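For clarity, chains are labelled A, B, C, D, E and F in written order, and residue numbers in each chain start from 1.
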Amino acid sequence: MTVIPAVLTLGLTGAVFGIVLAAAAKKFHVEQDPRQDKICLCLPGANCGACGFPGCAGLAQAIAAGDAACNACPACGGEMVSKIASIMGIELPIQTEKKVARVLCQGSDDKSGLRYIYDGIHRCKAMNEIAGGAKSCVYGCLGLGSCVDACAFDAIHMGPLGLPVVDDLNCTSCGLCVEACPRDIIQLMPISQQVVVACNSKEKGAKVRRVCKIGCIGCGICVKVCPNGAITLRDNLAIIDPEKCDACGICVEKCPTKCIVMTKEPNAINGVANAG
Amino acid sequence: MSFKSEFNKGIINENPAFRMLLGMCPTLAISLAISNGIGMGLAATFVLVGSNVIISALRKVTPGRIRIPIFIVVIATFVTTVDLIMAAFLPDLHEVLGIFIPLIVVNCIIFARAEAFASQRGIIDSLADGLGMGIGWTLALCGLSAIRELLGTGTLLAIPDFGFAGIRIFSQGLAAVMAILPPGGFITLGLLIGLLNLITNRRKTKRQQV
Amino acid sequence: MALGTFKGGGHPCYNKDATLGKPIESISLPEKVVIPLHQHTGAPCKPVVNVGDEVKIGQKIGDSDATLTAPIHASISGKVKAITEHPQSTGMDGMSVIIESDSFGTLDESIRPRDNVDRLNPEELIGIIKEAGIVGLGGAAFPTYFKLSPPKGKSFDCLLLNGAECEPYLSADHRLMVERPNDVVDGAKLLMKATGVKRVIIGIENNKPDAISALNKVAKDEEGIEIAGLDVKYPQGAEKQLIWAILRREVPSGGLPVDVGVVVNNVGTAVAVKEAVIHGSPLVRRVITVTGSCIREPKNLMVPIGTLVSDIIEICGGTQAPLKKLVVGGPMMGIAQHTTEIPVTKGTSGILLLSGEEVVLKDVLPCIRCGKCIEACPMNLMPLWLADYEEASRFDDCERLGALDCIECGCCSFICPSHRRLVEGIRLAKAEIVARRNAG
Amino acid sequence: MESGKLIVSSSPHQFTAISTPIIMSDVLFALMPACFAGVWFFGLRALGMIAACVGSAVVTEALLQKLCGKPITVSDYSAAVTGLLLALVVPPDLPIWVGVFGSVFSISIAKFTFGGLGHNIFNPALIGRAFLLASWPVFMTKWRWPIQEAPWMPGFDAVTTATPLVLMKHFNVKVPYNMLFFGKVAGTIGETSAIAILLGAAYLMYRGHIGIRIPFSFIGTVVVITALFGQDPLFHVLTGGLLLGAFFMATDYVTSPVTPKGKVAYGIGCGVLVALIRLYGGYPEGVCYAILIMNAATALIERYTLPRKFGEVKKLA
Amino acid sequence: MREVLRLGFVLLVVCAIGGAVLAFVDGITSDRIAAQAAIRLQKALEDVLPGAAEFQDAEELLQEVKAEASKEGRPGLTVIDKMYLGYFQDECTGLVFTCSPPGYGGPIETVVGVSLKGEISGVSVIRHAETPGLGSNITNPEFQMRFIGISKGTEVKVREDGGQIDAITGATISSRAIADAVNGALLMFEIVYDKEAPGNEL
Amino acid sequence: MTKLLVIFFGGVLLNNFVLSRFLGICPFLGISQRVDTAAGMSIAVIFVMGLASVVTWFFHNMILVPMGLEYLQTIGFILIIAALVQLVEMVIQKSSPTLYQALGIYLPLITTNCAVLGVTILNISESYNLLEAAVNGIAGSSGFALAIILFAAIRERMEFSDIPESLKGFPIALITAGLMSMAFLGFSGFKLGALFGMM
């Protein structure tokens, strides 16, 4: 019978390895986060490296140490993610209201001109460093589209006016565009906030008037006309409290420079809807 | 998921060679002729189906901590079986596929399916998955082999070890031998995956536009 | 001599011929001057006059309590018309004192020759220099009194006077050395006294033989004053390169000349020191070169601080071609302006008016890795990678590759056959790295 | 341009007149002597090959850029340089269609897929040659002597199909120096004439486009090693593609290290590989492969040969 | 400790089952694999020595000759790996040698048949790692035919070396390797033939 | 000695595991984003492959051959490698936490590196002796190390390249590997024996 030596050899080899490994695991046991093992069991174990960590054990260690999110594994479905989250003892973030990026400047070239012809690296940050940017308004959009380049979701485009337009549907409120803008013109706002002051200038009215036709001059008309008292002035700029605003649209109508915008329609700011 | 959909996904959407980029080593090494591709693909499919079924069957009794050694033993058993059977009944093909038959053991496709699929799913699903993945890989191998064989030798479906010259498309003198050398393998596969990406991307943008 | 050069650098077109032989002219007093309250490195000044006040030349109009600052003085006599924001050569608006001339040019009473010069001790000398508002006239406008006081535990053993004037087009320092060598040497002697060093070396590029001979004539009897001829290569006048070329001492990365026992001053600064100490006159005027293809009569001018560039263009006969680009400083490191309504400040060494095709930047082509920027970099950096990393926002890598060591001399951008904006990128990286450091 | 408004840009405001297209056209100009020598010795067929390779390289680049919607940049002459270099490193009797394939492969696989000019990892012309050598070895190893008889060794008809290096390696026959120097020997279209190559190299050096580090460390290493192994160094310098490779291929900006120390290391690496392949390798000639292998190592070499920053404090060991 | 033993036991069982399965498969296939190998060898030998039906491994004789040759310092026999005597109906019809001359990409496993007349009766290449499209043409029957009929006493050389055989274009080294194998075989044949003298059991 | 040198340089340059034998492609493509990680992986692979060569050699020649069980080669070898990797990992983790930090994380990935199993099987099929087997193991892994480190450096450089969208990632990596492999064709037919025979 040739079967017996084969069975014996392989079986013994296996047994020896099993015992040695198990014994070694005990002897060389290193204290580690007990959750790490549990998480590791949840992960697919393909050691594919797609998460950016070296293998599933690496990711498990990172998750246990809090260096990676529970859903860092791109191959894990929702079930596994919630399992890992429960191991880690954290609640999954509650779904909050969707925020979208809003561009707070409407100063296209015809409304707020250029001081000079810029020649250099085609990025807003670079232009901002050179004599404070070519835009007459030092708070205005430089229009080189760094926010468009930064967006990973194809949610910002250059509109017909040479100013960025946000696509509410694609926007994931990741904030990349906010970071990319050297002038803090882009801000994340709840999608339900329908009335927006599309200007960021903190200059006094006279200077704003000098450099831009559509900037907030801090005249305070909106503050007066708002039936809900939702608008205040700070640094010569109108601020809308979204809690109080009921989108009646009176301020939009009364604003002398038309810098307050109703965003019901997509592309309301700098998009086609507003262009005509 | 039905048997059919588990089977289908391996052929196109999750094709191991082109989409999941598993099992690169044998894919590149043996894709010199269509005959090799078929042989290797079928061998791997057999192992894949067998190991998937067994591992799926054992999934309830496998202790988590030594699941890896157990998978390895199961897979290796199948591989050796294929190796021996091939040596006995298809000696010429066995000669050509050489070292890559034992290396099916460490073919990441098989390991990945065992770990990611079979160890968590029922036997029927695992069977379908193994079959789909195996055939998907075989098809990918055949596709790549066909290109390399055609460019490199000017023939299709040649099996020189059986004295079958295949279909000659153009003369040997015109053939770019590099296609069947190692660099040709890398470059052809790279371009092929690139081409597939291009097609999918185009389709995606088209769908978006619609 | 074997010394006198450094690694890297380049050979831009010097274009100095237009003003090389033009003696320094003093201009008639302008009708109006705009004197920015922040013309130096350090804290800005606060105005010490009010709108409507009558001021005289040399009267202090701005001062600050900060450690690092320099007082500002009126450069013409007249009435303070406004204290307001006004465009400046930095490109941004800044607080400025606008004075309308009474066309008398009355000197302030405080300005009179000092008779006790020989008895002044170093502290007193440095005090006079501080009160006179003297800053480095080479361009950086670093307050001179601060430079002259070594930090604790360090000391100077050598004073370098920078007469290299390696920036193309400019000839202001050159003319100063040719016309007023005595003042340069006297200033040097005062600086020696103020710092206590026994050795002064005046470094001059070899393309200014008349300046070298003029200074040699004056200095040959003076103990401790040497003249060093330097290789004609840009940026020979950069502080670290100058120290290496003359003394073969290497200023450590992130360090200052004082770390190798050296203090460097511009020759113009030396003249200003002499005027302040001997004549008691604060820094209210300076020599500038007005040149470029666009100006009708290129000149070297002695102008009151605060004179508007538009007035200076008038004085030089106006433009002979449409002005396309206005640069304050030299073409390699100067700052391009968006208006001519900007004042000359203490740091303004020249005004460059350019026109035509020469000012239009060419399209950026892909980097072909020719390595010319590496060869040209006087700091031995890797400009091509720094710009790449900056674009990829990999600022840690920028820092690792020494972005902060960049002196922004412009050699890499000058030499790049693909017209990459290397310096611009590196400058962005530096700003970002500093911002991140400050953020913690 | 709107009048009145000034142009504002970052310093500097003055630029050199040398630009990438000028450098590339200088390289083309510097290769002219080698081209003339090739046509002179191998006839109009060589001219046809040069035209075909240059033409197909330029057309391929333009076509690919058009297909991918990128700006067409053939006017920077870089594709022409690649095509010309490829033509110069193939045998004169190579079928034209093979040369065209090489050119297409060079531009599309070695250059375009990596992102075009400046991004290729390997020298495209040499990749083209390696591709042809691997694909159509029979065509690529068929040589012709410029003059049908070799008077210095009558009756030895093998010489009609062997390059001096092959003669040396397999038959221990040494071709005289003067023939090597002028290029009256079998070889690729552009590599045979040492004097023509040196003329072009001198021009490039005069224009400041190539430095001395790479070519000299390359050739120097070959001289040292061949001498160490008891061979004639001068023979090895003058034969094969060494001069063409050292001055025109190894110095390719894009694929060689940018750091000064790295250039020397790279040159030495090329030299060692050429010498070893010639002495012990399977091929009689190793310049093409040596440079390609060092191309692969370029990125790593650069990593470890960063220049010392001015003012960098030496770390205590 | 119990856990340790348990895991060890599980692995033991799994491995044992694996071993049993493999032993079973091996039991079925081993004879066939051996038979296949024999068939391959037989076919290869028959190819180069047409007419012979049975082959006998002459290992002892080979070692003996090799030992003598190395003592005498005669090179050329090192390429020979094995020697077979070919028989047809109990009558020796020739010798077959398996050789591994060094080629371009390593040793080329070659089989050379020599008829009793001392002429090459066939050459075939079993395994090689020569450059595809170039050196790999040594497997072309057309090339192998060039050696048939060469008889003992002649030294085979490719034309580049001043010999009589046209080498494969661009693959001198590979061609030379085959010539080496043929030379080795002829030399060996001569020694064996002389040694065993005509008329004896060969 | 000559033979050992020939085996070593043959494994590194002539028959480079990655570039001409197609072994270890998955980690070659997967763990080559950064030179540092590639180097860490390389060291781990060299260590494991050297060790595995020795252990499997003993297993084969001391156990399988005497018992006539050569057909258990594959299953036995892979078991040994898996166990070895795990054992090494545990020992390193305990004995030298710093070393574990440096390369421990790459160890689990080696089990499925077909180059390890490949080299052990080649050792047997080439009938190497113990020393040769060990050298071959180290040579194969050094070849892997050479290829992956060169490749990682290239990939770091390619980050700034404007590669066509559909070729980004694996396709361009494969093409680069192909061109590297083309360059390494220059070593084919290299007579290492002649070179080292002189020494």
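Throughout what follows, a residue touches a chain if its C-beta (ideal position, glycine included) is under 8 Å from a C-beta of that chain, and two chains touch if they have at least 3 such contacts.
Predicted model, so just to flag it, every value in this text is computed and none were measured.
Trainee: With contacts counted as defined, which of the two, D-F or A-D, has more C-beta pairs across the interface?
Mentor: Between the chain pairs D-F and A-D, D-F carries more contacts.
Trainee: In terms of CA centroid distance, which chain is the most far removed from chain B?
Mentor: Measuring from the centre of chain B, the most distant chain centre belongs to C.
Trainee: Among the chains, which has its CA centre at the largest distance from chain F's?
Mentor: Measuring from the centre of chain F, the most distant chain centre belongs to C.
Trainee: What is the distance in Å between the mean C-alpha positions of chain C and chain F?
Mentor: Each chain's C-alpha centroid was found; their separation is 60 Å.
Trainee: So how far apart, in whole Å, are chain A and chain C when each is placed at the average of its C-alpha atoms?
Mentor: Taking the mean C-alpha position of each chain, the two centres sit 44 Å apart.
Trainee: Roughly how far is chain A from chain B, going centre to centre by Cα mean, in whole Å?
Mentor: 41
Trainee: Among the residues of chain B, which are close enough to touch at least two other chains?
Mentor: Where chain B meets two or more other chains at a single residue, that happens at 66, 69, 73, 76-77, 80, 84, 108, 111, 175, 177-178, 181, 183-184, 187, 194.
Trainee: What are the residues of chain E that contact at least two other chains?
Mentor: 7, 10-11, 14-15, 18-19, 22, 25-26, 30, 104, 131, 133-134, 173
Trainee: If a residue has to touch 2 or more other chains to count, which residues of chain A qualify?
Mentor: If we look for residues of chain A contacting two or more partner chains, we find 2, 5-6, 9-10, 13-14, 17-18, 21, 48, 115-116, 119-121, 126, 129-131, 134.
Trainee: Kindly provide every pair of chains that touch.
Mentor: A-B, A-C, A-D, A-E, A-F, B-D, B-E, B-F, C-D, C-F, D-E, D-F, E-F
Trainee: Show which residues of chain B lie in contact with chain D when the two form their complex.
Mentor: Per the stated touch rule, the residues are 173, 175-179, 181, 183-184, 187, 194.
Trainee: Which residues of chain E touch chain B in the complex?
Mentor: Counting only chain E, the residues touching chain B are 6-7, 10-11, 14-15, 18, 21-22, 25-26, 28-30, 32-33, 36-37, 40, 131-134.
Trainee: If we count contacts the way the header does, which residues on chain E are in touch with chain A in the complex?
Mentor: Per the stated touch rule, the residues are 3-5, 7-16, 18-20, 22-24, 26-27.
Trainee: Considering the complex alone, what residue numbers of chain D touch chain F?
Mentor: Residues 68, 109-110, 112-116, 119, 121-122, 127, 130-131, 134, 273, 276-277, 279-283, 286, 288-290, 292-293, 295-297, 299-300, 302-303 of chain D touch chain F in their complex.
Trainee: Could you please specify the touching residues of chain D with respect to chain A in the complex?
Mentor: Against chain A, the touching part of chain D is residues 1-2, 5-10.
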